[in-house]
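Labels run A, B and C following the written order; every chain starts at residue 1.
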């Protein structure tokens, strides 16, 4: 088990965004979170690396354990985020060169050696399947890349600190179909070495790439299980309605 | 194009007399505004440029030769020292307000309020304060140092506000990206948000330079009016703007006054152009 | 090579403390200004007598047998020249702002906007100097013989210069607020058959009323605090004037300070009375600033009300982030 969640409740001020969420997430699998807008799937993914800490008025109860350690316990937040990388909905490369974008993470964690950095940059870019496209422009601004390239750069950036888990918050929602395809292939590749948790609006995407799927509604996990099972014979009526496109 | 012409014709038909009055009131007002500016600038330039002579830039000022060079040097010193004092405070305050403080906290409200108050205080009041506090109470006398501290307080709100605005305009996505890689707040600020906000900060600094160069009322009783290249922080001095004031007041040095005014105006105008240039570049980039 | 997280934490907290301390600078500055101005000014006011100081019309600080320290003439002087500046500058300013916000062709705007920024950046000595060599002689030329004037250094000259100096302030703030008026209001008016001008004057301008007032108030603040430009053209006679005596010289609170401060002894009653003049000016400014922030706050509240309505059905704005 990579992540173990039990009885997680989360509030934004008075609004309860998550209710009694419990689930186990296995290592080296792709887990997809699906559900209509505002159902809590992004909130949950952000709880896993404590990005919710940044939002004022956010309160959380219950347990989230990473490799048996309490995420909200004595663990250093910055080290947690090193172990649990994140890719956002909109590509957010920093306004600096491609190289500096990737090197930012390792430098943050104390790596200063130039050769070591060069290696990490090249490996991360390779792993994110973008090396060939950017190897000749490492010193140019990352903002000059296309949207799809920027997103893969962000994936490379997340990989640069060698995390165990990769959280992806609708990573393809701002991209065209071709870039989306590339990212999906990449995710399939990444799961060999990483645990991937992906939030998606796109149900075909979930069936294509995920091993497990969790269906969320109004802050609750309605159904969680093997992707094949969820999409072929959902147990819950609401889940079936959503999957067949009756709402959402 | 046809549609547009049609539209314009309709507009013209629809205008009544009262509309024409409004139409011309707006046009005439803006023409007046712009021509006043052009007239002032043009007048000073035309009267002053013929009197700019090399001797105005000689090292010392004498009663025979009203050299503006010592004033120019003093002005540059003033700008440098004042910025050295005010810029760190301004930037740090902005960083605290935008990146650290929780919104709506009491301290933030008080800091906002006092900065707004500072921004509204007229320069003569700063001058009075500098005269009482720095020159007399602290015993610095009329000196470059007293003048610089007075000006530093005066420009603090400008630097603070422009830095705050540009930090606020940095998308949260950058911060999230940095945090998600395990960077702490300090690293996020220093490596990601502040560098992205730098052009805005520069625009603010340049704006403050303009304020410093043009200032008179806050300086007249804090730095004195000795016109010599200052030897220490406790020397008295006279900036370009003060020099123009003195020459204009003396009456029998009108030509030199015009020439010095040209130099002052050119400095201030180029500072302004530079500031808006940087700002525009910044906006395009984001 | 790894930095220990304890050392990192110490550095984080240290810098946080540094930023916080720096942030207190503006509070300290305002506190010092208040303490020192008031502690040096108030004793002089009480020494002279509050009503004698604020209501007295005789200013004779150098008369050793019977000194007079009444600043009513200067308070009125400040009010007169400011009122004059408002009368001359505000209509032009507001019409210009309307033009900039709702009429200006894009190409022209790119020229006028920087021009206004330049205008705001021109130092007050330059305005004063210009007034001295152009406006003062012009006034003398026009009215000198008729009214038996000694010079053109007058209330009128000061008002004209201040009227010019407040233009960029008034225009910039008014324009921002006029632009903030929702386009729907304008479109609604035009859809009812109003001409462009009518829509702008009868719908857009009234909707931005408090914002435009804020612009005027800021202009008042600028005018009442201006020193050097006024000193260079106003004549500076310490005499009580009536509003229609605008062709006579006048002294304001600011110029009273700047003219006499040069030759008084620090700590003397005369010195205290000048600082006390500054205190009165400071109080005026505080009132004006408060007025400005109230007018501005009004506008902000209205705007947040609008945005709240736009987000109806989603009462927690945080939720919009969460999808």
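The rule we apply is simple: a residue touches a chain if its C-beta (ideal position, glycine included) is under 8 Å from a C-beta of that chain, and two chains touch if they have at least 3 such contacts.
Since this is a predicted model, take the numbers as computed values, not measurements.
The set of chains in contact with chain B as well as chain C comprises A. Chain-level centrality, scored on Cα centres against the all-protein Cα centre, points to B. Among the inter-chain contacts, the highest number of C-beta pairs connects B-C. Centre to centre, using the average C-alpha position, chain B and chain C are separated by 16 Å. Centroids of chain A and chain B (each the mean of its C-alpha atoms) stand 46 Å apart.
Separation between the centroids of chain A and chain C, computed from CA atoms only, is 53 Å. Counting partner chains per residue, chain C shows two or more touched chains at residues 8. Multi-chain contact residues of chain A, defined as those touching 2 or more other chains: 78-79, 109. Listed for chain B are residues 184, each touching two or more other chains. Across the interface of their complex, chain C is touched by residues 12-13, 15, 17, 37-38, 40, 42-43, 55, 57, 76, 78-79, 109-113 of chain A. By the touch rule above, chain C contacts chain A in their complex via residues 1-3, 5, 8, 316, 318-319, 321-323.
The touching residues of chain B, counted against chain C in their complex, run 11, 14-16, 18-19, 22-23, 25-30, 32-34, 36-37, 40-41, 43-44, 47, 88-89, 92-93, 95-97, 100-101, 107, 110-111, 114-118, 120-129, 131-133, 136-137, 153, 156-157, 160, 184-186, 210, 213-217, 220-221, 241, 244-245, 248-249, 254, 257, 261, 264-265, 268-269, 271-273, 275-276. Contact residues of chain C toward chain B in the complex are 8, 11-12, 15-16, 18-20, 22-27, 29-30, 32-33, 36-37, 40, 91-93, 95-96, 98-100, 103-104, 112, 114-119, 121-130, 132-134, 164, 167, 171, 193, 195-198, 200-201, 221-222, 224-228, 232, 254, 257-258, 261-262, 266, 274-275, 278, 281-282, 285-286, 288-289, 292-293.
If you check the complex, the residues on chain A that touch chain B are 49, 51, 54, 56, 78-82, 85-86, 88, 90, 92-96, 104-105, 108-109, 154, 157-158, 160-161.
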